[in-house]
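In the two assemblies presented below, subunit A is common to both, partnered first by subunit B and then by subunit C.
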Partner chain A sequence: MIRSIFYSLFLGLIIAAVLMFLVAFPFGQNKMGVGQYYLDNTVKETGASNVVTAVTLEYRGFDTLGEMTVLFAAATGVSLIFYLSDEEKKKKKRENNRTKANFVVRVGSRIIFPFVILFGIYIILHGHLTPGGGFQGGAVIASGVLMLYLANPDIQIGRNKLLVTEGLAGLTYVLIGLAGLFTPAKSFLANFLPLGTPGFILSAGILLPLYIAVGVKVGSEFSGIIDDLFSTIDENGGEE
Partner chain B sequence: MRIISGYVLLYLGAFFLLVSSIGLVRLPDVYTRMQAATKSTTLGVFFSVIGVGVLNPSWLVKCIVVAFFILLTAPISGSALLRASYKAHSPISSQTTIDKTKEFSENEDGEK
Partner chain C sequence: MVNFNDPVILIASPLFFAFLATIFSAFYKKAVKFFPLAAFLVNAVVLLLNINNIINGAGIVISKTAGMNPPLSINMAMDKLSFLIASIATILGILVSIYNIFYIKDERDSKFYSLFTLLVGGITWISVTGDLFNLFVAFEVTSIAAFGLVGFERDKDAAEAGFKYLVLGILAGMLLLIGVVLLYTATGTLNMADIAMKISSFSFFQKLVPFTFIFLGLAIEGALFPLNAWLPDAHPAAPSGVSAILSGVMTTSSIYAIIRVTVTIFNYYSVIPFFALFAVPTLFFGEVSAFFQKDIKRMLAYSTIGQTGLIFLAFEIGSENAVGASFAQIINHSLSKAMLFLIVGAFIQQTNSRDVESLKGMGYKMKVSGAFFVLGALSLAGLPPFFGFASKINILLSVVDNLNFYTVSYLVLIVAMSLVEAAYFFRVIKILYTRVDSENNIHENAGLLVSIIALGLVLVFVSLFPAQTISFTKSIASQLATRSYYIQAVLGGGIR
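After this line comes the complex of A and B, so read on.
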């Protein structure tokens, strides 16, 4: 009883303190200098017309490397629980004998799949020009793979190929970053390529190759997660 | 002339969407409702998008692409949903007299 009163008093104190500081800010005015700085100088400094991409890859490129590591850890965690070798997966699939999707879905998914992949690639390549980028495009590509898996139970993407692709993409990101150390800027992830004209696809220096690496990595990682999850589905699970 | 035909297409699309929404409320079971939600909605959206393209010719190519993808995907998702609801034994309206899926499902099992 006393403890809960103490807790609620403590919580009230924290809320009051937060509110006190919030009141000190004038409402509706921009007190943060950083946001305005990005808006004013991004195009000039990085050549990217998409400010969000410039912030994620140029000003905070190191954070993005951390994000990719988090994603990698998540994918590894899924693999730890669900991993089966490709032969075991095939065997398990034969045992499960999942119901086929109907003819329309099977054929339709094959027709739509290339368009989904094309759209994903478009989003990745235009990451520095329009909203979108590596993470979003990679997720779109993985959703295409998910569609294939849903429509065709027999399909199987080689897990090892995905792992190699993912590793190479991550390595590319780090190598591009390390290359920055040998340029006049002498810093990790320095933008050493020519900036070009903002608004063109070959602009913004290293942002394009970095986002391609991110897109490939995210796409193969998500596809791997989908593959792991699908191959261990037990159709009769829960009812037995 | 272009403006008129564009508006005719838009209103045609709106009409089909209205019909499908009435059908969604009024029809008795999942299967007939899906027919309203798939067939006439596809046609309604198709006419609306093409109408927008006719009204604004600079968007026409994009609108045709959008209409193509709607024509491609809406029937596929409709058929998948219907099949899933049939497999889940969703109740069929008592007014329905013909069940072709039952006749053909034996063949499908033989194929598998």
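After this line comes the complex of A and C, so read on.
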């Protein structure tokens, strides 16, 4: 009781401090500093019709590389902790003898799967034109994989293939970035491809290849995490 | 021509090799163990290309990304302090990578090497970034890599330590993020130099709210006293090479971030005296707890807390000499603590026990490791003729220079805690050199000795030139104090 009062007071103090800080600054006016610059100049400078994408991949593209690395570290950490050798996996599968979903769900999921993947690819490819992009599209693709696993827990996706696509996508991002060092701008992630006409799919220079790399990476990483988690779950729901 | 001294390569190279390791892990696992070494050798070359400019030239190297000038895009700003942290991380990264090749025997090793590369690369990233949100991202990369590595052994200890660290580490990240968001709301920019310029019009209390969030986040990562519950579990649970990095340079990188935020960004000298509230108990409880430990790795982990407190206390005194001495102590602590963890790892590989008593007689059985343990322990405890003596005596001298009611107590505390430190290290040394007549096949692992000896030689080298090292750390402190130079260099874009 005393503890919960203490926690509420503490939380209240934090909220009060944040609010008192925020009231001193006007909200939504043109005092956003760099934000206003991005709104005014993005289309001209990057050729992307989606300002958010231009900010995440061009102006703050280095942060996106970092976020991608965070996801990579998390996925690698999960597979490090939940790792099972192939024999252990087979043994586990025999012991578990999981009940499959019924026929309609299994076949239905296989029919829907290509469409989910297609939708994911659409979101990734149009990241610089419409809301969406690599992270979102990759998550959609991984949700398709999750659906397959839910319908039939015994399927195996090629873990090694996922590792290769994951690594290749990451390398692509870093190499596109490093290529920028060799351009006249001499800086990491400089946009060295032609900007094209805003609104077309082949526009915005390096933004499209970067988002494809992000999409492939996010898709394969989430699929890998799903595979790792499914292969370690016991039949009674508990984990080892 | 490309600028091969671009600090961004310091980050790109570990990421490149971490991703490459994932590809190779699918079909040619044998090569992966050399990837961390390759990544940090590249970094060493980049740092060597910069060394002249940092020490004799402009003293700061700026690099922009996406071809845009700051504050529009993220920039790297490597000044002397960043260079120091990055160099320590790279030296330890190279030597521990060699150590890991002979230490890690596990079929999951390719994933281990990916994460290890990200851990050390992330620490370098923290030290060179010039953007506040990028600093948060770098902290996330480093700590998420560390969570996995702490849990690597998959036993009960490692699972508990990893989970504890995960919860507190994520909390730290969130606090840091809230602080950064509040600053962005107030200033409309994320570039450190730009915030530093715009924040000068803020009142004390306007600075206090975002500062508190950022400070608390970094204090959890830097293991300052009430917020360090994760460290004594996490550092010992990790494989010894990882413990060396976590204790040697990761806590230090959080202290670096606190210094960078307080001095360069917030220009917040009025809040620095309050740091003693964190530094004094950190020093006291760290060293005293270390004294009572029976687990050798846990003892070293508590000693890290104590040393972090000492480094932070010296910074808190605030004079140029004191801040310089605090950076000298960073050098001493990083090198000797990392070496001690590597040696203890070599012992544990032979005895399979972390109990101090199990080390009985190891000094005779593993002569070289034992000798280097003595070297590291003496330097860490601050005994002459090693560098630890020079750095500690400089801290004490700078306290004497600023003698007042409070600092007298620091003097007593630092001397007393040095005695405690010497006491527990001598106890271990005595156990190491107690003769026992047992015939078992304990022998040196030549592969592990390579990095231990190399690290010992670096420490001896620093010990041979204490005056030069101290004068370099003082020049770091004086550069840190002139923050207008930093702002000018980043936003003016003139210096390269």
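In this text, the second predicted complex is superposed on the first by the 207 of 240 C-alpha atoms of A that agree within 3 Å, B and C clash if a C-alpha of one lies under 4 Å from a C-alpha of the other, contacts with A are read in each partner's own complex, and residues count from 1 in each chain.
The working rule: a residue touches a chain if its C-beta (ideal position, glycine included) is under 8 Å from a C-beta of that chain, and two chains touch if they have at least 3 such contacts.
Small disclaimer: the values here were computed from a predicted structure and weren't measured.
Trainee: Is A:153 in contact with subunit B, with subunit C, with both, or with neither (first, second, both, neither)?
Mentor: Neither subunit B nor subunit C is touched by A:153.
Trainee: Would you sort A:115 into first (subunit B), second (subunit C), both or neither based on which partner it touches?
Mentor: After superposing on A, A:115 lies in contact with subunit B but is clear of subunit C.
Trainee: Report for A:137: first if it touches subunit B alone, second if subunit C alone, otherwise both or neither.
Mentor: After superposing on A, A:137 lies clear of both subunit B and subunit C.
Trainee: After the superposition on A, what does A:105 contact: first (subunit B), second (subunit C), both or neither?
Mentor: So A:105 only meets subunit B here.
Trainee: In the three-chain superposition, say which chain, subunit B or subunit C, touches more residues of subunit A.
Mentor: Here the partner covering more residues of subunit A is C.
Trainee: Subunit A touches which residues of subunit C in the complex?
Mentor: 2-3, 6, 8-9, 12, 15-16, 18-27, 63-68, 71-74, 107-108, 111-112, 114-115, 118, 125, 131, 133-134, 137-138, 140-141, 144-145, 147-149, 151-152, 154, 162, 178, 182, 185-190, 194, 198, 206, 209-210, 212
Trainee: Using the touch definition up top, name the residues of subunit B that touch subunit A in the complex.
Mentor: 69, 72-73, 75-76, 79-80, 83, 87, 112
Trainee: What part of subunit A is in contact with subunit C in the complex they form?
Mentor: Touching subunit C from subunit A are residues 17-18, 20-22, 24-25, 27, 31-38, 58-63, 65-67, 69-70, 72-74, 76-81, 83, 85, 160-161, 163-164, 166-168, 170-171, 174-175, 177-178, 180-183, 185-191.
Trainee: Hey, which residues of subunit A end up touching subunit B in the complex?
Mentor: Per the touch definition, subunit A meets subunit B at residues 99-102, 104-105, 108-109, 111-112, 115.
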